[in-house]
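Heads up, there are several structures right after this.
Here chain A shows up in two complexes: once beside chain B, once beside chain C.
Now for the complex of A and B:
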């Protein structure tokens, strides 16, 4: 991952500063309460997808994981690298398919293959879509050094993925 | 302000004039007809300092291709599903002709349908591994199979031919690499009864292997993981087995100095009991007469009595053997 090498000196600097100041993390545990949850609006017009409508503690009950790999199992290899790569894939795809991605990016890894699934809005012509698929697959497979497959589903409108309004 | 007022007045006058002229149209149309329209066009042009929205309302209609209907509508009922879904793939609603639904809804509402349903795309599916697909693949690879070798039909048969059991683990993982350091571990096990020993070698072998030998199951197990590769570990395990086996047959000079206190079991052959019994049996015997020695069953009963401890059976056995040896008639 070449783009990580650029970050390395900055991260080392940040780490040294962190060690100088304090080694203990003392902020309040708000993130556990607030992350992945959405506030109800007064007009009740905030659209939520099924994924957003279910808070994180329903993962494994009402909704499923967005990353499927073996790195998070006990004693398996490269858990951190896999997480960073997944983050990078998500950022790259939401940026490349700008304002077209209607759902979460689902990343499934099988052996050395990465399969990326997502729901895309039919905002651009099929020709451009085919180009973007090839472009994304080519660049990602070059960076990840393994075959990447895009498995997209398209919807006509953004409202098709809305599960409810709060 | 003044200018706009005058313009307003002028315009209202003109409109009234136009109305009047239009009324007159019917009476004398020849002269008056083109007149009012020209006047209408000759309005002061308004200087648009601020662009009004109206100017940008001309929009090009984007020509869009029609979205094709889902493939499921054109699928035949008896189609070859293995051709429609040949390999592992995320769920796609337009390709799967099943009325699937997934998702949790409250108050008894219907679950979200298969279209635009990310949950169905997340879960691993086995649509490429339907029974016909598996049958097809098995048929395809059948030509690479060889018949099961003759003479190895039962477990007991192949166990006697292949006493050594080697256990290794392969790891399937979702990583760009196929290497896993855990895969280097090799477990080699065999039954000790498959090896041939004499008493000394067996004793020495068991001392060498230590706790790798399970007394209850009579299984010897070598686990090697000190080398980085599986092949090296397998070779090392076999080397350990071979070295221990051959080492156990070597008698070192210092092994002869093993005294009675070093013995872990009682042996009749090298104890006072044997000498005493021989003395009793050879009592008053002639000088050149053949020496009598105690019977093997007597020796065994003495060893059993001392090694296993005194119990009713061992004592009765010992008594019987002593009486037999001394020719005492039993009542």
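Now for the complex of A and C:
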């Protein structure tokens, strides 16, 4: 959340200016051009999963959303909290399952439960994996205060999820 | 397919109703029934918040094709042996415990409240220390939550600070301490630990565990005046943790002081009669005395009384007395309107069906009585019924149809909840499978086997042996490849007796290659044999190693020859030949013979001669082999010379 703190004074400044001159900011929208797209490397050796290989405008056509919830519908609650929580879940899982997660983490909210799906590399024994499953589910449910379920699939090798190299 | 099977689980009324409405539709369209229909609106049925969930849950049963839902549905994470089942479930729970520890250790990070209303279980628990501010209400709350350790800590704090406690609160604390014997119980949420616990606990059952002179007795002495409840809680605590003599003495003391005790207290004493008296007659006498006292105090006996009496009777060594007194007790309780629970039937089974007693068919009557009924847990011993009933079916009566009835009862409604724990479940299935494989035809048995193995039950090596025995008796060699692959998965391949069994079945039942059903079999058997050969070679490096015997290698050799895998067969034979001093025993003569025949077919005279040489060196019958070689090959000079040197000149002149 540090970046928000840094931005806060600038935004306050911008806001005051807005009131003074009532001008509109009309530069091109940066996020539509860059986010979710990967740059081609000179050696063409950057591995992409299927999810990464499709830029955001294919969402709903060739791929799907990474977060499933209803918080951004009209009159629904906690949109910002949900986004922050999803970020937390992603960071928590990639950190807990260190160097094992080899896909995006899909977070689905239904009623009061959160289901977290991901593809995991078979880098540790099943026993340890079960330990981590229990730990992650329980700790996340303490944090989110609702039941959290992990729905993992495993792959033998990281290369199994590579869709193409660019 | 699955849905249609579930259809019969739906309430019959709803199906009936839909059929009924459709039929009225039919009649109205034809115009046959124009009479005005009277619609009766049913009364509203009060539903609890979870009723819809229960209704939904009733539409899905246990899926035999998938592992239990506590395991992750991924090939890598599906447990494949009993050991793995246990380890995975326990690891998951260990992870949950670790998370809980983190929550308690860093409780300042978990103070946020997301849920409305707040859910207590997600928040870190209160920490009580020597400096905490405590009062009666906090102690009351802790007792309410069953937090024994904290409650005792708070109680001690209040003692030190000199805060007076009401005797009502002291009584509640006494009850808590007595119930748990001042030891923190296993938390309720760790279901896996409970599920697998019984395996270990079995040994430390008997003997007193009550803590003499501990907090419970101190609280008891502090409470003045002593109420019946005070006596009751201490007596029950002592009886539960087998401080039998003092519990009984306390009961007598209460009797002398004319204190009105309650039924459950008497039950707890009746339960421990076997520790108080030595022989059956004395036990029965004390039991009747106690019941007399109860009736004098106008106490109404309940299910606990019935089960306690039966428990007392089940400890009688005297079979006749046990039988007659059990038969006396049952009608009396029926008159009193006490409905027996599964625990009652469990006691009846152990009273009537004894190992050394006469054969009793009491289970038939029991099953007739309770077939199709749904049970809920009412008594701690209720979970013992199914395992014992199946044991009686197998070891006492050896009756297949009874076993099926028991199994049907187990799968009625929610009765499966009463299976107990993993230990009892495995005993149940062990007896069930062993009985079926002794009494059913092999095809029917394999149907059940496919249903249960491996997701619901994984056979132990002993049961595997029974299964193999059945296959051997039925000469059903076509099932061997499947069983072998199961054995590999369940890690039974280091048991020599099982390996020998599998080989013997395959060698003795030579598949008939002409029938289309068995045309694949020789090849499959050869694969199994080769797999086994490799497994044993690998096992040298393991701790539990299996060593080759001549018998085993001979069987493998035969199977490879029959499966037309001559190349591997000669490799196996050269292994036998080279290590003949290390391998105990020799292969069967028939094995060598088949190998030589195959050599003739493959035109490999030197291999055939090596086999002959081996036979001669090990003092085995060699003339048949020599004849085979001589007739089968047109031998060159060197080979002929070798043949002569092995069996002598005389042989060739015949």
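Quick note on the criterion: the second predicted complex is superposed on the first by the 135 of 166 C-alpha atoms of A that agree within 3 Å, B and C clash if a C-alpha of one lies under 4 Å from a C-alpha of the other, contacts with A are read in each partner's own complex, and residues count from 1 in each chain.
Convention: a contact is a pair of C-beta atoms (placed from the backbone, for glycine too) under 8 Å apart; a residue touches a chain by one contact, two chains touch by 3 or more.
Note that the structure is predicted; figures quoted are calculated from it, not measured.
**Student:** Considering only touches as defined above, state whether A:153 meets chain B (first), chain C (second), both or neither.
**Tutor:** In the superposition, A:153 touches chain B and chain C alike.
**Student:** Touching A:122, do we find chain B (first), chain C (second), both, or neither?
**Tutor:** The answer is both, since A:122 touches chain B and chain C.
**Student:** Between chain B and chain C, whom does A:96 touch in the aligned arrangement: first, second, both, or neither?
**Tutor:** In the superposed model, A:96 contacts neither chain B nor chain C.
**Student:** Go through the superposed model and pick first if A:137 touches only chain B, second if only chain C, both, or neither.
**Tutor:** So A:137 only meets chain C here.
**Student:** For A:145, decide between first (touching chain B), second (touching chain C), both and neither.
**Tutor:** Both partners, chain B and chain C.
**Student:** What's your read, chain B or chain C touching more residues of chain A?
**Tutor:** B
**Student:** Taking the superposition on A as described, I'd like to know which of chain B and chain C A:54 touches: first, second, both or neither.
**Tutor:** The answer is first: A:54 touches chain B but not chain C.
**Student:** Where on chain A do the contacts from chain B and from chain C line up?
**Tutor:** Common to the two interfaces on chain A: residues 122, 126, 144-146, 153-154.
**Student:** Taking the touch rule as given, give the residues of chain C at its contact with chain A in the complex, in rising order.
**Tutor:** Where chain C meets chain A, its residues are 72, 74-77, 79, 84, 87-89, 91-96, 98-100, 102-103, 110, 113-115, 119, 122.
**Student:** Flag every residue of chain A that touches chain B in the complex, lowest number first.
**Tutor:** 49-51, 54, 58, 61-66, 68-71, 75-78, 82, 102-104, 106, 108-112, 115, 117-119, 122, 125-126, 144-146, 151, 153-156, 160-161, 163
**Student:** Name, in rising order, each residue of chain A that touches chain C in their complex.
**Tutor:** Answer in residue numbers: 122, 126-139, 141-146, 150, 152-154.
**Student:** Which part of chain B faces chain A closely enough to touch in the complex?
**Tutor:** Per the touch definition, chain B meets chain A at residues 64-65, 67, 88-90, 92-94, 103-104, 112, 115-119, 121-124, 172-178, 180, 182.
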